[in-house]
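So that we are looking at the same thing, I have put the structure below in structure tokens.
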């Protein structure tokens, strides 16, 4: 039996956004009428960055609104895309005259609603927009041609944090819309992620996890919406389970010996810090054994699936310029340095 | 005079909108049940919430022209989540944009449906046979595009298209994740699209 | 059935500390020989701040090592006090010539081991030390006389974060040992906390939570070591459960209308952000209704009990000076502003 | 010459230390079981790990005097967690500090025990009857303090004190949380303290 702390489950997202704004009044404000979270003080003379998607993945995205990262975050209901009108209003709010970049995790609903919002913004308001589609989840990589219209493509998961951070830094420096889009796409194209879970998340108001696992099972290649993974593997020590993420990632990315990566070791909701930092250690071991440096680590529960218990690992091969943008100051409710 | 040049009277937009509001209020549960059987179950609720918003838009905008009525329907759907929200929303937006005067013609409606189909396909990348609303809309567009095509004929073609979705496996949307389990279940979006067209035909006469 | 991600449960703490140091090499280092975590670059010419206690409460305390907060954190095994020798070595490492302040949560083992460490440091090394005992848990307030030798006193919980932050800021400004101890004690004396849980945490390696709750039960006044709470109350909406924390806290502290508090809304492990920020909103509502301002919010899972699912609320009545110290810059793995 | 002025020979510290190491290795499980019955179950493991560390300290320091041997024992306990770690650690530290030469006297040992008791009580705030190691140590101190007190007599008093803990409810330590459930269970710390004293008596002769 699992439970969630809610008043009415239907009110949870809005109440949490109110709480977020109350807790961080100097950083963000909640526009209840239009359904988005924006910087408390709008940025001037820069490209606006908008991201969004279903809720249940907090601190993504609203926790990343602030200097050096997003301008506006647009949350849908739990696991449901925000609406096209929300995204349209958010796009208008984010525009400071230099256009707006949409950072979109690859899910049909999100992709469609963001696209509609961009068309509305273009037609009705003449706002220039671009989109970066983040599709990093290796578990859903079926090796299709990128242009295959029949292929849904890889899901978007934790690499979106890197795209938001890096594009956020470049936007703050004054990069124009076109080069931001290019930068974001190049980050998205390089990054891959993979996740496992030892317990599914439980929808607010529900009393059972989205799926059941036996004591000796682990769901490998799991998504962040309660969908099942790609396969079940035996439960085992952290080092072994983390290797099941790192091995295919390295296989796919083939980072050269002597090269460096940013590693995001992400908890899926109820993974606790002792577990997560031990997993980070395992990732470090796996990379070091291959002669690859982990130039930067981001360890935390950043892209979650309610209270799912598990870990995702994202690897992003980097060069000095990406590291410079990664290291640039950021000041948001969930990420500050 | 070709049937397709028939002017639909000025009240058409309002009648159609109200007919959809009433009909989907009644049918939302049944359609939601189809989505539950081979999707994620939220389609009924999405419809209810879309038409709730349509009513708000109508109250706020006080539409008088056909285009204005359909713009309210469009915004109602665009303010609704899911996949069907933006697809129906942009579909109705195309209908509104294809109308040039207060009283649309069947031909304008035909061009609107055709543009709407193109938009739905552009966003959703679904072909006929993928078990989506396209399976109802595409035959309707064909029927209305034919010489002597009528709204009633288009509605009948849509209905037939919607029925055909029972026998196929979904290739788009949430239903595509359940594979064989979607066989035998009508696609709710296709059924809804067929209703939209039937109600258009009803409202025209 | 619950599971933890571990290699050997006995290695979990050390592996996590290694991971922490790998993930934040510019902030902290792990001294494996002596069993503590220290700043990567030791501070100079300031009073050293040391805290510690059983593990399983992360990010407490190692996550709070860095500029503006702790100098050294000393973790024991899960829920077990660090040893006197660890604390003694940590005290020597933290001393920069101006003495060392121990910040200790009130638990018998911690109190004894820290005391021994101070005596050793005094006798063997002539290091001046002071201690701040944090005893904020209202659930364990039995109304004893503070000097009753037979009374264990209130447990120390999340108020320790406020003591570490505020003393950390003052130490950075150059405050001397005596005034730091006084400051810390005044913060500890003002702050009270109270917690509830809807699910107990599960010890690494174990397959059952520390205690069981029925679907309609909530453990009120719960501690952070798997011990049972003070009473069981019916499960209900967030606003109602949060009121069961805020009401007695306000009753105990009696903040004046028009006064202000710092509120720490703390997740106990697997409470997810939607839940936690909705709880923060409820705290805000409760305080506002009483005419008390929440001048600052700290919302997050900061003082945890493994993957316990629940919330604690800490209220600390503040004045301008405390707010100034609270707002002072801090740069640690888990808290940065 | 009073028995209390008896010099204990230079080998006493080593013999006592080795005797404790051996005895606790054998008895750790039984003592841990007592802690399981009315505490948190880690006492056995704490003892094992303490004497593991004692061995490391001995290897590193190569003690030759009584005080040096007892310092190794002290550090072994101080490097062990729980409540018993620091209490035994500071207890043995006091013993070491009360010795002035290589060959301690029984009187010095008596003063050490007495200082040790004071330290344990200062830290742990336990009185006789609180069901802790104090229930064994206090009577031993009294016995050795009496005219013609002997180490053997102290050990016997400690043993009796330890036995008395069966009938009482714990007021200190983890066992105090279990209330009535601790009745009938010997306090493992008191039993261990009685063993410490018995082994001292054995090692002296």
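As written, the chain order gives the labels A, B, C and D, with residue 1 at the start of each chain.
In the analysis below, a residue touches a chain if its C-beta (ideal position, glycine included) is under 8 Å from a C-beta of that chain, and two chains touch if they have at least 3 such contacts.
All values derive from a computational prediction rather than experimental measurement.
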Give, as an integer number of Å, the spacing between the C-alpha centres of subunit C and subunit B.
-> 57
Using the average of all C-alpha atoms in each chain as its centre, how far is it in Å between subunit A and subunit C?
-> 30
With chain centres defined as C-alpha means, what is the inter-centre distance between subunit B and subunit D in Å?
-> 86
Provide the C-alpha centroid distance between subunit C and subunit D, rounded to the nearest whole angstrom.
-> 34
So how do the chains connect up here, line, ring, star, complete, or something else (other)?
-> line
Pairwise chain contacts under the document criterion | A-B, A-C, C-D
Tell me, which parts of subunit A touch subunit C in their complex?
-> 1-8, 12-13, 15-20, 22-24, 55-56, 58-59, 63, 78, 198-199, 204, 207, 215, 235, 237-239, 241, 265, 269-281, 284, 294, 297-299, 304, 306-307, 309, 311, 331, 336-337
Please name which positions on subunit B make contact with subunit A in the complex.
-> 42, 75, 78-83, 85-87, 89-90, 123-125, 171-173, 176-177
Complex contact set, residues of subunit A against subunit B | 76-77, 80-86, 88, 108-109, 112-113, 115-116, 119-120, 149-150, 152, 227
